[in-house]
Amino acid sequence: MYRQKYIFLLPGLLVLIAVILFPLIFTIRVSFSSWDVYNPGLNDAGGAMYARMWEDARYWQALWRLSLLSVATVLIQYLLGFALALLVWRDIAARRFFRVLFLVPMMTTPVVMSVIWRTIFHESLGPLNPILEGLGIGAQPWLSHPGFAFVAVIIVEVWQWTPFMFLLLLAGLLSLPSEPFLAAKIDGAGPIRTFLSVTFPMMGAISVGAILIRAIEASKIMETVYVLTSGGPGTSTETVSYYIYIRGMRDFQIGYSAALSLTYLIIMAVALTLIAKALMRLMVRGAGA
Amino acid sequence: MLRLSNLDLAEDGVPHLADISLDFRPGLTTLLGRTGAGKTTLLRAIAGLAHPFGQISFNGQDWAQLPPWHRPVAMVTQQFINYPHLNVLDNLAFPLIRRGEARAAALAAAETMLGRVGLAQMASRRPSELSGGQQQRVALARALVKGAPILLLDEPFVNLDYNLREGMREELMALLQSGGETTVIYASTDPREALRMGDQTVLMSEGRALQSGAPRAVFAAPAALAAARVVNDPPINILSARLDATSLDIDHLGPFPRDALPEDLPPGGYSLALRAEDIRQNGTVSARVALTEVSGSETVTHLQAGAQPLVMLERRVQSHPLGAEIRLALDLRRALIYGADGALIAKGAAHG
Amino acid sequence: MRTLYLALKYLAVTLWSAFVIFPFLWMLSTSFKTQNAVTGGATWLPWLQFEPSLAGWRALFGGAGGVNIVKPYLNSVVVTGTASAIALVLGTLAAYGLSRFSFRAGPIRNGDITFFFISQRIMPPIVLAIPFFLMLRWLGLLDSLPGLILVYVAALMPIAVWVMVDFFNTIPRALDEMAWMDGCTPVTTFIRVILPNVLPGLVVAGMFCLIFGWNDFFFAFTLTFTKTQLLPVSIVALNSSVTPWWSLSAAAIVSVAPLAVLAFVVERFLASGGLKGAVR
């Protein structure tokens, strides 16, 4: 009866199938070939690429590093974002000004800001080390030492994306009903008890949503790394996306990078699903097992 | 004539419409049934919003392939639905403009209709700035302004308070007087409303059309036990009776005089349906008060006579303490008598 | 106690504000420096610590040091604007269809289709980069505006679907049905009745598309070479060992400024509760 309904769905769906689903299926086929600069085209290499991947320590290290990086950045972003949202939620002068200010970083182009951050971290010409020296901490080898380079990436990710966490959590706080807070006040609950027994439980579902969205984005981290450290020093800050980029787009090992990509996609999808389920159980009251 | 033939619609095993065949003629037909009886589904089927098996035709034209936007139908629902982004006047003009009328003519017609429902001063307001009653009047006016030959009203006033409801009903009746050849179908859960308003009434229960006819006739002789339940509010009392040549025995209540029921009724088991107003105080049946409700100038009392629940209606304000024992008189000569299959067999002796 | 609490609160807000503003002040200051001012060590204040110069800004328009970002800027505007508009139209249509009608193909139902749309956001760009590269090469669209627009439409549409499905679900179906009975077909219902009632949703969705489109680097980087550079790519190209920090900073400012203004719009929606539909 409603043949017109296809007018709504089909254009978008067909574009998505053509532009994303077909290439993805094509990638599966490519991953079973040894397509590279010397043997361009689809040949049949069986599972050779996957076998090679199994032996590729650099790939698995990148995956492990990415996991650490994602967990660290998302956790810090969540804690800071929640704290900031609570700070400018109410009872503060000029809260609209602060809200706007806190939102600005997420509107900026990550890769452009990373270029600026690279100048900030510059060991002899950047402004960060003089400040640290002034504070008595001393200059640090920001981008030339593996540990510090890792921290530098985290700082930039936190600066860039805490605002996103802040946005979702503040929107959540602003949509909370006021009655439970009134009840807590009547019961004489202090700010800490009110937070633990009223605010936080009501923010459970929104928290899970915000954390998941950021976790998904964090699992793709590569631009910051590309600009800030190029994966270095050595391969010490290389993420999976960046390593696949090097293999595929720089070395043009199409078949191999396809195998790496698909494995990466599957591992990420499984990990994120598990994280989602665990978070739901942990933070959303009344969510079924 | 709007003709429905063999409409069937079930969802997850629950029947919404079950073998419904009805003819609707110009004039007002009330569709009476409890919540969940299938009234709304039936109206939605006529409007083309629900898709049952079976045929719907109007003046001989088959509507099977006709989408809602081509059916000459207007509907008012329980919720107050208007276009939130348009002001009241544009809300009324909208259907006319969509139909291809010139904007000026549509606005003029809308203005006239708005005057008739008494909202002329509200023309430039948004629906959200009106009270519930006013919003529903706008919805009603929007349905009427189209002059559609079929007007479907799905408990249009149920979400309004009592006074407003009475007032709106009067307004509606006045507006419909000038309607002429319109086929109006009015769904209601309130038997009194249905009896007062309709030229014809259709009783519905569990997706079935139990009975149709003139409201008085339907009310006087509900053809089935289920129909008797539907047309009575407060609920009708159902007693199970055992009759033989000389005695009448009612479960839980004991023996009654045989002559309350017609002489020619053969011995056997029957269900007696006794209206709440046919039970009075000062009799021989002893019962305990479980609940008393006063509404307007009437008192409805729910009682328990042993295992038999009873409902009594008194046309005055009366208070019965909870748990008090009352002795009741059951006027069985006014009972409706149903056989084992639930079909009306006879009426009590008082019906003549 | 209360004073201490307030003092800590303002201290925290001030510290974070400083952290947020820090890179912006740095790039603003740097954009007016010259080579000497940069290599002399970190300085902040013009006139006091260094002699300000407009060299960095002039370089943007092809002056000395010739980086000319005018063309990449226009490319970025065209690609982001066009792709966002198309993605918004397609995504909104699909979201409306999914929220109102039931679709089925074998075991696939509406929920699965909605998930298919939204789950595209999970896809790491690198996974699609190589097939995109091969596909665009096959279509002859590598290093071209239409090629980029095509890719961005697919990348942005899931955002529009995600936001709009929620907004459509807040509009009662009874409104659509009322419009049908008033003579509107599903398409006219959508245009005349539903769209006017989801304008806030369209603004939110459009804004997200613009932000993600404008800020993307990866696809622009992997699918173009020299002919069709987008703004972020041309800025990153300045990021070499002999980086001209002054023109780099100036370019960063003009690249980041237009979207930073959107923070005001977002805050507006936040205050009016317009983002409620987007949370969850």
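We call the chains A, B and C, going by the order they appear; numbering starts again at 1 in every chain.
In the analysis below, a residue touches a chain if its C-beta (ideal position, glycine included) is under 8 Å from a C-beta of that chain, and two chains touch if they have at least 3 such contacts.
Treat the numbers as computed from the prediction; the structure is a model and nothing was measured.
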| item | value |
| --- | --- |
| Top chain pair, ranked by number of contacting C-beta pairs | A-C |
| Relative to chain A, chain with the most remote C-alpha centre | B |
| Where chain A and chain B are represented by their mean Cα positions, the distance between them in whole Å | 59 |
| Between chain C and chain A, distance of the C-alpha-averaged centres to the nearest whole Å | 16 |
| Rounded Å distance between chain B and chain C, as computed from the means of their C-alpha atoms | 57 |
| For chain A, residues contacting two or more additional chains | 2 |
| Chain C residues counted as touching two or more neighbouring chains | 185 |
| Residues within chain B bordering two or more other chains | 48, 67 |
| Complex interface listing, chain B residues touching chain C | 47-49, 67-69, 71, 73-75, 77, 79, 81-85, 94-95, 98-99, 142, 146 |
| Footprint of chain C on chain A - complex, ascending | 2, 4-9, 11-13, 15-16, 19-20, 22-24, 26-27, 30, 80, 83-84, 87-88, 92, 96, 98-113, 115-120, 124-127, 129-130, 159, 167-168, 170-172, 174-175, 191, 205-206, 209, 216, 219-220, 222-223, 227, 240-241, 244-245, 248-249, 254, 257-258, 261-262, 264-265, 268-269, 272 |
| Complex contact set, residues of chain C against chain B | 172, 174-175, 177-185, 188, 192-193, 196-197 |
| Complex interface listing, chain C residues touching chain A | 5, 9-10, 12-13, 16-17, 19-24, 26-27, 30, 38-39, 41-42, 44, 90-91, 93-94, 96-98, 100-101, 103, 113, 116-117, 120-135, 150-151, 153-154, 157-158, 161, 185-187, 190, 211, 214-215, 217-218, 222, 231-232, 235-236, 238-239, 243, 245, 248-249, 251-252, 255-256, 259-260, 262-264, 266-267, 270-271, 273, 275-276, 278-280 |
